[in-house]
Amino acid sequence: MSAHIASKKLYITVWASLIVLTVLTAAVSYLELGPFNIVLALVIATSKMLLVALFFMGIKYISDKMTIAVIVAGLFWLFILLALSMTDYASRGWV
Amino acid sequence: MLSNTFPLWPTRASTISGQVDALFIFLLMLCGLMCMAIFVAIVVFAIRYRKRPGHQATQIEGSNAVEFTWTFIPAGIFLFIFVWGAYIYFLERTPPRDSMDVYTVAKQWMWKFQHTEGQREINELHIPIGRDVRMIMTSQDVIHSFYVPAFRIKQDVLPGRYTIAWFRASKAGTYHLFCAEYCGTNHSGMIGDVVVMEPAQFQSWLNGGGPMGSLTQTGEGLFQSLGCSTCHRLDTQGRGPNLIGVFGKPVLLEDGRTITADENYVRESILSPAAKVVSGFKPIMPTFQGIVSEEELNALVAYVKSLTAQPSGAAQNPTFQGPAASKADTTRQR
Amino acid sequence: MSDSTPAVVEHNPDLRHHFANMEQQTETAVMGMWVFLITEIMFFGGMFAGYVIYRHLYYSAWLEGSQRMDFWWGTINTVVLLCSSLTMALAVRATQLGHRKSTVTLLIITILFGLAFLGIKGIEYWGHIVTEHQFPGPGFRFAGPNTSQVEIFFSFYFAMTGFHALHMIIGVALVSFIAYYAWKGRYGAHYYTPVENTGLYWHFVDIVWIYLYPLFYLISHVHRK
Amino acid sequence: MASTLVAAPERENYLNNEYGISSWLFTTDHKRIALLYLVTITFFFFIGGFFALLIRLELLTPEGDLVLADTYNKLFTMHGQVMIFFFLIPAVPAVLGNFLIPIMIGAKDLAFPRINLLSWYLLVIGGCFMTYTILSGGVDTGWTFYTPLSTHFLDTHVIAAALAIFIAGFSSILTGLNFIVTIHRMRAPGMTWSRLPLFVWANYATAIIQVLGTPVLAISLMLVALERIFHLGIFDPRLGGDPLLFQHLFWFYSHPAVYIMILPGMGVISEIVTCFSHKRIFGYQFMALALIAIAVLGFLVWAHHMFVAGISLYAAMVFSLLSYFVAVPSAIKVFNWTATMFKGSITYSTPMLYAFGFIGLFTMGGMTGLFVAALGIDVHVTDTYFVVAHFHYIMVGGMVMAYMGGLHFWWPKLSGRMYPENWGRLAALIIFIGFNLTFFPQFVLGWLGMPRRYWQYSPEFQVLNVLSTAGATILAVGYLLPMVYFLWSMRYGKPASDNPWGAAGLEWMISSPPTTFNFDQTPTVTWEAYNYDELQEAPVER
């Protein structure tokens, strides 16, 4: 399989941006932003995840659509578990 | 050996049981009809189109029209059933405001009930007819479930939290009380009786009880002896929030959330005070986890509730005048 | 996941009998690996769900607990794992290009980073368990208003980072297994599926940590120095 | 019935191409692994059945007089655990699925044959832990492991049972993984998705659930074990732990698990009904889509097991509504099976009798599902014998009937021999009668309010319990019969032709029993699924 072989430079730049994002999220956590602390931390974490997943894990170069569907399905099921169980806890006091 | 009675329908003894039975009968008929239709169709097809010489099977791909009919018609019927069931559930989960509270503590393999008038019962629950009764229940160990088939109500009883079930008895008599959530060795022995009495009988049963102070008085005694009154002063604003008129009202918390002060909030504030601190106050209240027993907790919650000027506050309930509230010192059962 | 021992078939010794050609076998192996990673996502997902629920219920305890985390060790560990992901990705690339020597060296560096991560984790655990008695159970000591809820926070901390560390140990073992076979010349441009799958597994474990780090170490803006 | 030993023509096939223990214990041939699974789950089926008989015997009398309370609690716990995790979940996917899926899609074997063998070993290791749990004193947490009972208030073999199920869970995960990748990547040329037999669709939908659901069960059991060993306080109510968190995580898997058990059965029934009506399936796309819809919607409904557990009012309504959406595809399937028989050419051989039984009983099971999904009624009937009857109608009336039908339908392909037809019909009839006599009275018991898992019960429930126990004994006899004549047929059964039923499908185009690599060269599929118009009818006398 003529797997797409990325250039070493690309890997280095992806790595560098990951380190920068880590330093960023650590630095930002010192500020008192109230509810935005967690939102920002998760946004940065998700962007780091995407970098690792797309480039290091090579999702970007996967030709077979079905494997991508499998990956997206996995994340969606995790969302089902989190969201639907939170419907119970979030609406506990509403009666 | 065979029991004398061989019932095929549970007795209807609460106001909600009529509606539950109505939905059950409707579903019984609908599903019975559908099952019959399918059984008959299978038998008829099996016989009429049996394999025999000269009979050829005609290939049918299927037809979208038929498929859509038996997709959307069942979906429509199901939605109707859902709404009817949800309506009944809504009634069952929203107790009326002025109901008579009975505090329940479920323990591995027995039921302990505390009436606000002070009566304590084990595995027996005496309630009057035609009165909304609200069961405020918690468990000392594992999950149990308060289940009275005659009233068609069931509610799991969780450790560390209050769960509420309410009903209004409509027929006098003695009915089964079962524990419906598996709770260990004697799960099947954790049963009791719910005795529904005429109001007059119930009144005399209440008066017949021992000279115990009402639950609210026990709670008041605890409120003093445990030192709650030093911070939660009733006259002025002490270090803790003034609890007059707090119960049932929304409370603004330190972290900006507002929650309604229900039984669970009072209980949580006693056992882990710093979880939901009222805004403008410091989390200095010590935890009473392990100091206060479940029965004492019920008494304190009843007392805090009585501080709110509810028309039918448990203590000043006009119709059920508790036994002469003797000023005897409140005996504290550990 | 599917390790390979050569089966006797025409041109490519690594082609398993029931596959039509090499490309079908590689794509199938990668898809199989991704389906396995989905099960891992749901495995950690159960704990993340518990974390989200308890964070909603006991936010003040989560704040207190997070202030007891070793912020600096956590950050360093994140950097260590990101570096190990880089060297792993380069190792997979080197195998595809057939550079046997650089593959082996990169895999060994990845193992070293992995061991460094586990070492730092060990220091953190030693600090929490032995010096500060924060391991849940009878020996749990915590001065503060929400003692029991903080014990739940530490239960989650030890459960989630513990399972992550366990996956890390499996990862290190897997990579050393692959490094040994790479050193013996098993893999190359013609056959690199095991290296690629190990790389996928390693990056997955790294991604789990990418989420564990902010969720445990960065909750409160006050950090232990 | 004694007939002389009929010598089968000795062609080389997957059974006689090699002999000896290692040819079985180290095989990677999906057909041999299927037979290994068949032996394993039959062993556990009879253990679970034995526990069920003891439970029914105890319930003959209101008082607890046959076994102690603790023993009774262990009996129903282990009956549940053994039946669900070691029989129902592996049964159709691992036995019939393993054997047939590669053949039905025209492949030589599954995508990962060695992982397939690993799956069987995981089930056996899990089975050993379960057997150890049973022999060394049992576990009495209920198959649901509810906390805080399972974590703080019992000292029976909870960790051993949790480990047994944890390991068996991975067997299920890896089987699911194998099926998904195989069905995606190993189909023969021409075998497009719209030509796949519905049995393959059913196992594909099941595999989705197995892969996405089982890990959540694995983590919840692991957290229970960690809480017992290291006192991690996640579910500890004294620390403020929420007892409902475990229920959410447990039912997130355990409701889709009931679809893992029933979907393969639906696939088997689609194959049997079309073959013995000699007619195309009615509405192929809707049937395939309904399978996937059940698998996906099955993940959104789990809290209908917790309506009275203490979840919030509005969450209960959300889950009740979603539960009604998941009922629609099941209704579609029942209507389509019935419509398939319309204008068919129906024969009453044993598999078809099991299919009739399945459609009838699964309809009743599904209909009572509408009762328990209605919030108002569920408050009264949950945790009573009404729910016990509901899920037994689906599991035993549906899944086991379908499994029996499938076993009879593909027995010629598995063993190369025909089972005795009349004995098969007799067994099917006995099972149908025994089943209804056992579980229909339990609907009435549940509506009357008899709680489940009761060692003692109040006297007015006795008559119905006696009926149910009588039914259980008939059911037991019904299940023993096939065991006997299947073994008998392995030796003395008439040799089976390649296509004894005149059925459509790739598996009926190769020899029975098939050769190790199924096809001499990979077939090219040019015909639609269930092309019965092109197939001439099977000879009337079989």
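Order as written gives the chain letters A, B, C and D; numbering starts at 1 within each chain.
Heads up, the rule we're going with is that a residue touches a chain if its C-beta (ideal position, glycine included) is under 8 Å from a C-beta of that chain, and two chains touch if they have at least 3 such contacts.
Computed from a prediction, not measured in an experiment: that's the story for all the values here.
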Distance-maximising chain from chain C - centres being C-alpha averages: B
Core chain by centroid distance, with centroids computed from Cα atoms only: D
Length of the line joining the C-alpha centres of chain B and chain D, rounded to whole Å: 37
Gap in Å, rounded to a whole number, between the CA centres of chain B and chain A: 43
Touching two or more other chains - residue numbers and ranges from chain D: 180, 184, 212, 216, 238, 240-242, 244, 248, 252, 313
Set of chain B residues in contact with two or more other chains: 93-94, 272, 275, 289
For chain A, residues contacting two or more additional chains: 66, 70, 73-74, 77, 81, 85, 89, 93, 95
Chain-level touch network, classified as line, ring, star, complete or other: complete
Residues of chain B defined as touching chain D within the complex: 1-3, 5-10, 19-20, 23-24, 27, 31, 34-35, 38-39, 41-42, 45-46, 49-51, 53, 55-64, 66-67, 70-71, 74-75, 78-79, 81-82, 84-90, 92-94, 108, 141-143, 145, 147, 149-150, 152-156, 158-161, 163, 176, 178-189, 191, 271-272, 275, 289
Chain A contact footprint on chain C (complex, rising order): 22-23, 26-27, 30-31, 34-35, 37-38, 41-42, 45-46, 48-49, 52-53, 56-57, 71, 75, 78-79, 82-83, 85-86, 88-90, 93, 96-97, 196, 199-200, 203-204, 206-207, 210-211, 213-215, 217-219, 221, 223
Interfacial residue positions of chain D with respect to chain C in the complex: 107-115, 173, 176-178, 180-181, 184-186, 211-216, 218-220, 222-223, 226-227, 230-234, 236, 238-242, 245, 248-249, 252, 517, 522
Complex interface listing, chain A residues touching chain C: 1, 3, 5-6, 8, 11-12, 14-15, 18-19, 22, 25-26, 29-33, 37-38, 41-42, 44-45, 48-49, 52-53, 55-58, 62-64, 66-67, 70-71, 73-75, 77-78, 81-82, 85-86, 89-90
Residue numbers on chain D that touch chain B, as the complex places them: 61-62, 64, 69-70, 73, 140, 142, 146, 148-149, 152-154, 237-238, 240-244, 277-286, 307-310, 313, 316-317, 320-321, 324-325, 327-328, 331-332, 334-336, 338-339, 341-348, 356, 359-360, 363-364, 367-368, 370-371, 373-380, 382-384, 444, 447-449, 451-463, 532-533, 537, 540
